[in-house]
Each structure stands twice: as C-alpha cells, then as structure tokens.
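Across the two complexes that follow, subunit A remains constant while its partner is subunit B and subsequently subunit C.
Right after this comes the complex of A and B.
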C-alpha cells in the first residue's frame, strides 16, 4: 500500500497523541491511586439498608488524624445524615454511600467527586478538603419529582 | 489510457494535512484543558 508522505505524518501524529494520553492515564491510575468508585465491590440489600451496618448509623466518624469516614444513604429525596457535615481544613474524607431505593448521584461541586449511587451497591470515594468553605453535595442523577431537593452541604473550616 | 508520468503524480494533500493538524491541535488543547481542571480540583 502506498501512503502519501503527509498521510504518514498525520498517522504518526495521531497514534503518538493517543499513546501519550493513554500513558498519562495509566501512570496516574497507579501513582495517584485513581480508580472508579466501584473498585471495592461491596453489596448491600437495598430493602434492608436501615438495618445493615454501617448504614444503620449514618454519619461522620473520625478514623484517624485528619481522616474521616462519612457513611451516607441516598434516598428519594434526600441524604442521610441530613445535617451539614463538618470537618477541619485538610481532612481526608472517605465517603461510603448507598441507596435505599433508586439510582442517585453523588457529586461535590468544585471537586472531582462524582459517582453514581446504585441500589444494592456501596460506592466509595475519597477526597481531601484543602480549602475551607461550604461544599454542596448534590444528586445529579434524575431520580424523581423531588430530585432537586436532594442536596446537603459539607462545611470545611 | 494514462500516460506513464500520470502514475507518479501525488494527490495534493496540503489542505487535508492542515485540517488534520488543526483538528489535532483542538483535541490536544481540549484534552489539556480537561486534564488541568481535573488536577486543579483534585
């Protein structure tokens, strides 16, 4: 097959671009521990969320110096705990979230935290809050007529 | 019947090359933009 000189150039350019993108992604996946929220495969019976540990006692627990665990339940139409969470600046928070009914979203505005909350599955995500402020946690998966009321805040001070 | 010198004639791909490079530049810039946003929010 005969290829024009310019065709060869743009093919090399395109393939190396793809290679660079994939190498950056691959290196970061290992060096920064990036992984999808479904990485830990934990399941829960969605009809028994309120009786199943740790979701029988949703809330914020300190598990180390500047390290917290936020156990939360998403339901139509709200989050449990419903009160704003409060953590000091620099805290690392492990969010452990499940749904007791339909599919919900869990996004923290202004951060990379954004995951789906699927009934029967426990989603995990970790974020370190380095800047003080009030962060909005939103459901961003349309879940019904009260979808827009699904929001709580996390206060970092 | 094509003359023998017609066989050697290369298609003119300068314009195609320019548009491929423009598209490549657009993809690189948007990729870097998204990547920078991701790093800033991490």
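Right after this comes the complex of A and C.
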C-alpha cells in the first residue's frame, strides 16, 4: 500500500512520540510506585461490612511516626466515621475504604486521591498531606438522591 | 443524476426525525440541569435532578446518536449499493426502527416515572425497574436488525459484483455496524444475563465488578460507533462537497479497520480508578487504547491533504494559501469542518483521560463531562447537523436555499460559542475537582466548592446558548422539509487519480474479524476469569 512521503514522516513522528509516552507511563507505574489505586482484589462480604474487621471499627489509627491508617465505609449518603478526620501536617495516610451498599467515589479535592469504592471490594490509596488546610472528601460517583450531600472533611494542621 | 429511492427516503427520514425529537427532549433536560447545577433554579417538587440527568444521557448519547447513525448509513448504503435497498434490508430497517422505538418510549416512561434514576451507565448494584433494562435490550436488538439489513445489502452486492471493490461508503458502514455488533454483545450479556433476572428478583445478587467490566467493554467502542459515521462524512462526503477528491481510498479503509481492532479491547481505561482489576491488565489496555491514535493521525493527514490538494488545484499559492480557497460559507462544509477542528483538542483531552495513573487527576470530575461534550456533542453532533443540509434535500427531492444555508451557518456558530462556554468551564472546574453527575451543593460553603460556582454559572450560560442552538436546528429541519422542490445530488467523493489501487486484503473480513476477536480474547480472558472466580455478590439497592 502506498504512503505519501510526508504522511510517512507524520506517522513516524506520531508513533515515536506515542511509544515514548507509553514507556514513560509504564516506567512511572511499575518501577516508581505510581500505579493506579486499589491494586487488585481485597474482598469483603458487602452485606456484613459493619461486622467485618477492620470496618467494624472505622476511624483513624496511628501506625507509625507521622503515618496513619484511615479505615472508612462509604454508604448512601455519607462516610463512616462521620466526624472530620484530623492529622498533623506532613502525615502519610493510608485510606482503606469499602462500601456497604452501592458504588461510590472517593476523591479528596486539591489532591490526586481519586478512586472508586465498589461493594465487595476494598479500595486502597495513600497520600501525604504536606500543606495544612481543611480538605474536602467527597463522593464523585452518582449513588442516588442524596449523592451531592455525601462528603466529609480531613483537617491537616 | 438519479434521484433517491422514495421508499428508502421514508425509512431514512423516519430515523432522522426520531433522532432530532430525542435531541429536543434531551436538550430541554440538559438546559434544566445546567440551571439547577448553577443554583439558578430549583425544580418543582416532583422532578428530580437525577431523573433529568438520566433522561438527558439516554436520549442524547444513546437514542439521538443511534437513530441518526442508522438513518445516515441506510441512506448511503441505498445510494451506493444499487440505488435502492433490497426488500429484505428495507424490512429489517423498519423492524429495527419499530423495536428501537418501542424500547425508547418504554425507557423514557420508566425514567420519567422515577423508576430508573440510574443514569445511562446504570451501574449495579443500583437496581432500576426491570422494564428499564428490557427497554434498553429492545433498543440494542433493534439496532442489530438494522445492522443485519446493511450486511445483507452489502453481501448481495458483493455477490452480484464479483471482483469489484465495494463503494467506500458501504465498506465503512459495514465496519461501523460490525464494531457495533461485536461491542453490544457485552452490554447485552450484562443486561440479559445479569440485570434483568436480578431486577425481577429471580436471583438475589449481582457480580458488580463483572457487570461494570461488561458495560465498559461496550462503553468505549460506543464512542467509536458515534465517531465512525462522522468520519464517513469527512472521508467520503466532504471531498465532494468542496469539489475535491478523496486523498486515498486504501488508507481510508485501513484506518477504519484499525478503529475496529483498537476500539474494543480497551474498556479498562474507564475503570482505571477501581478495585478488582490488576494494574498489569489496566496498563495493557491503556497501551491498546492508544493504538487508535495511529488511525486518528492518518485521518487528520487525509483530511488536510484533501483540503490542500483542492486549494492548490484552484491556484492557491504559498504554504497556507489553500485555506482561503475552501468554501467557508457553505454549511455542508463549515459545520463538519468545525467538528474536525474541535476534535483536535478533544482528542488530546481523551489521551489525558486514558493515561493510566494520570486519570486520577480528572476521573469523575466535570472535566470528563466537558470532554464528551466537545467530542460527541460537538465534533460528532456538528458533523451530523452538517449532513442534514444535503441529506434531507437529497432524499426528499428538494434544494438547499441560500436562506437555509445561512441559518445553518448561524446554528453552527451558536453551537460553537455555547460549547466554548459550557465545555470550557467544565474542563477547568473539573481540574479544580468539581465532581460530575452531582446536583447543586456548596458542601457547607467549603472554600474549594464555592470557587467552583462561577464556572457552574458559565456552564449554565453555555447550556442556554446551546439550547437556542437546539431550537434552531429543529427549526432548520422543518425549513429543509419545506424547501422548494428540485434535485439535490447525494454527494459521494471520487478517489484522487494519484491514489493507487486498493489492495484486496482490506476486504477480507474473516482476517480482520479474526484479529479483532484475538485481541479481545487476549485483553479480557484472564481478567474475566478472575472476576468470575472471585465473585463477591451484592444485593440490589434503590437509592433514589
């Protein structure tokens, strides 16, 4: 099949850029620890979330110096624990979240924390809060009538 | 010049008019949504924001597009494959139309009764009325019948024209419908095997991760099902409209085949932020996703090559002199051209969305809503609008008057301006974190959320301008139907003399379908086995 000379150049340039871009993405994901959140399966019976550890006791636990674990349950239309979380500046927080009903979203405005919460699965993401402030955690996946009210905050000070 | 077959024109017109009725109702819903979202109005007690949102999504993304596409493809297949539809094909077209229409009416009633406020993605375990799922199944099965009609006409033509190259329009229509048949199998399995028995209560639970995966196996090729008919207009019709030639027949066919191969095994790039799928398979499908950039680059090259060759044949000088020679005042060129131009930033936005871990920046924010409003609702919609100005005259035996052309130009400009405000504001505020599919709330006047409000107002301004555009396109259709009688040619471009003969392997369907299936099996088998083995069933919920 005949390709025009200029089209060959155009495609060679485009395909090379594409290759470079995909390699950068792959290297960042697999050797620099920047994979998308919630690596693979961690399951929980979605009808027994409140009785299953660690979701029987949702809240913030300190697990190291400046290192916290936030165990949370998303439900229509809120999060457990329902009170604002509080951590010092510079804290690294591991979020461990599941749903006790439908699919929800979990996004922290002003950060790159953004993941889906699917019933039966446990989602994981880690974020280090370097700047003080009151961060909005909200559900960004439509979950029903009160979806727009589903939010809490995390206070970093 | 041979005029368009009158009984075929009835079938085509029925599809086009249904499509624009859906566009109008969907447009009303869209206008109201943008008003609610910006805090400008509150809906009367019994209408919910999410009912409107479901109606808007279903009517615009599924109904408007599918009806228009079926109508447009049938028109071109009738015109290029023998000048009229075979009785079997025409019958299949009408049966498809009837099934889709029953499904649409049923679906809209269920949505407006508030029994299915699950949006057009209907993610389980939100459980809608079974009649909503049955309605969707009817629409899909109806579209299959329409597809079979196109295949039948094509196969019969090939049998009667042994050794001849099929017309480019018909070839592209077959690829588009083939893509549709292969991808809708996923959503059909989701709806028929998983959701209908579950919503009737015959089974108690649903495998949520599997249902989402089957949906997105369909959901991404769906966008190529919208785009490919627009590409047919760009590749086959636009060269004729401007008076130029198709740059290369074989490259046009090759790019369509590459779209068929690389638009299906890629659904995970819509599921990058969710649990239950390993990072390896997500990344693999991201790589496959980006392969569609190659036929996109080929398409861009072909389009501008056609334009430049035409301009130079008219005596254009200098590097960009040919730009001035293009028929800027002809809506049949101008509307699709604006669609093409806007597809450049729109496609770039799509690359951002699919970029594996970087998807976290934009996932489920208004950025995504902005993205598909400049892709399907601008690039594709403007091309479809531009098609109307020759299609309706050609099939009804009328002519495009200078006045209608002018109204079409105005409509195009209104659409672009409205979309600039609405989609522009959506993109920016999405980067600030404003969630999509979310009614008005300032989150206790949180400073971040308060900052979003001016952008939500800009969206409402854009939405209002777009609604004027919706009214004008409906007015223009009525105007076209009442235009003076006369003959309008169905514009089909001819291939440039410089272009070489098209190789036969591009029409070896077994080969291409085989590669497509192999890629799908490769990208999906292991993740699907994993999802079925690790099934954590969930009961259903009605949360609206």
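Everything that follows uses one rule, which is that the second predicted complex is superposed on the first by the 153 of 157 C-alpha atoms of A that agree within 3 Å, B and C clash if a C-alpha of one lies under 4 Å from a C-alpha of the other, contacts with A are read in each partner's own complex, and residues count from 1 in each chain.
Just so it is clear, contacts are C-beta pairs under 8 Å (C-beta built on N, C-alpha and C of every residue); 3 or more make two chains touch, one makes a residue touch a chain.
If you're wondering where the values come from, they're calculated on a predicted model, not measured in any experiment.
Colleague: In the overlaid three-chain picture, which partner chain does A:49 touch, first (subunit B) or second (subunit C), both, or neither?
Modeller: neither
Colleague: Examine A:71 and indicate which partner it touches, taking first as subunit B and second as subunit C; both and neither are also allowed.
Modeller: In the superposition, A:71 touches no partner, neither subunit B nor subunit C.
Colleague: State whether A:9 touches subunit B only (first), subunit C only (second), both chains, or neither.
Modeller: first
Colleague: So which one touches more of the residues on subunit A, subunit B or subunit C?
Modeller: Residues of subunit A touched, subunit B against subunit C: more for C.
Colleague: Using the touch definition from the top, say if A:112 reaches subunit B (first), subunit C (second), both or neither.
Modeller: Once the two structures are laid over each other on A, A:112 reaches both partners.
Colleague: Once the shared chain is lined up, is A:85 touching subunit B (first), subunit C (second), both, or neither of them?
Modeller: neither
Colleague: When the two structures are overlaid on chain A, which partner does A:93 contact: first (subunit B), second (subunit C), both, or neither?
Modeller: A:93 sits against neither subunit B nor subunit C.
Colleague: When the two structures are overlaid on chain A, which partner does A:156 contact: first (subunit B), second (subunit C), both, or neither?
Modeller: neither
Colleague: Please report the subunit A residues shared by its interface with subunit B and its interface with subunit C.
Modeller: Shared contact residues on subunit A (touching subunit B in one complex, subunit C in the other): 4, 6-7, 10, 14, 21, 110, 112.
Colleague: Using the touch rule from the top, collect the residues of subunit C that touch subunit A in their complex.
Modeller: 48, 50, 53, 117, 119, 123-126, 208-209, 212, 248, 250-251, 254, 271-279, 282-283, 286-287, 290, 293-294, 297-298, 301, 305, 355-361, 363-365, 432-433, 435-441, 443, 446, 448-449, 499-500, 503, 530, 534, 536-539, 541, 543-544
Colleague: Over in the complex, which subunit B residues touch subunit A? Could you list them?
Modeller: 10-11, 13-14, 16-17, 20-21, 24, 27-28, 31, 35, 38, 41-42
Colleague: Using the touch definition up top, name the residues of subunit A that touch subunit C in the complex.
Modeller: 1-4, 6-7, 10-11, 14-15, 18, 21-22, 25-26, 28-30, 34-47, 76-77, 101-103, 105, 107, 109-110, 112-116, 118-124, 134, 136, 138-149, 151, 153
Colleague: Using the touch definition up top, name the residues of subunit A that touch subunit B in the complex.
Modeller: 4, 6-7, 9-10, 13-14, 17, 21, 24, 32, 110-112
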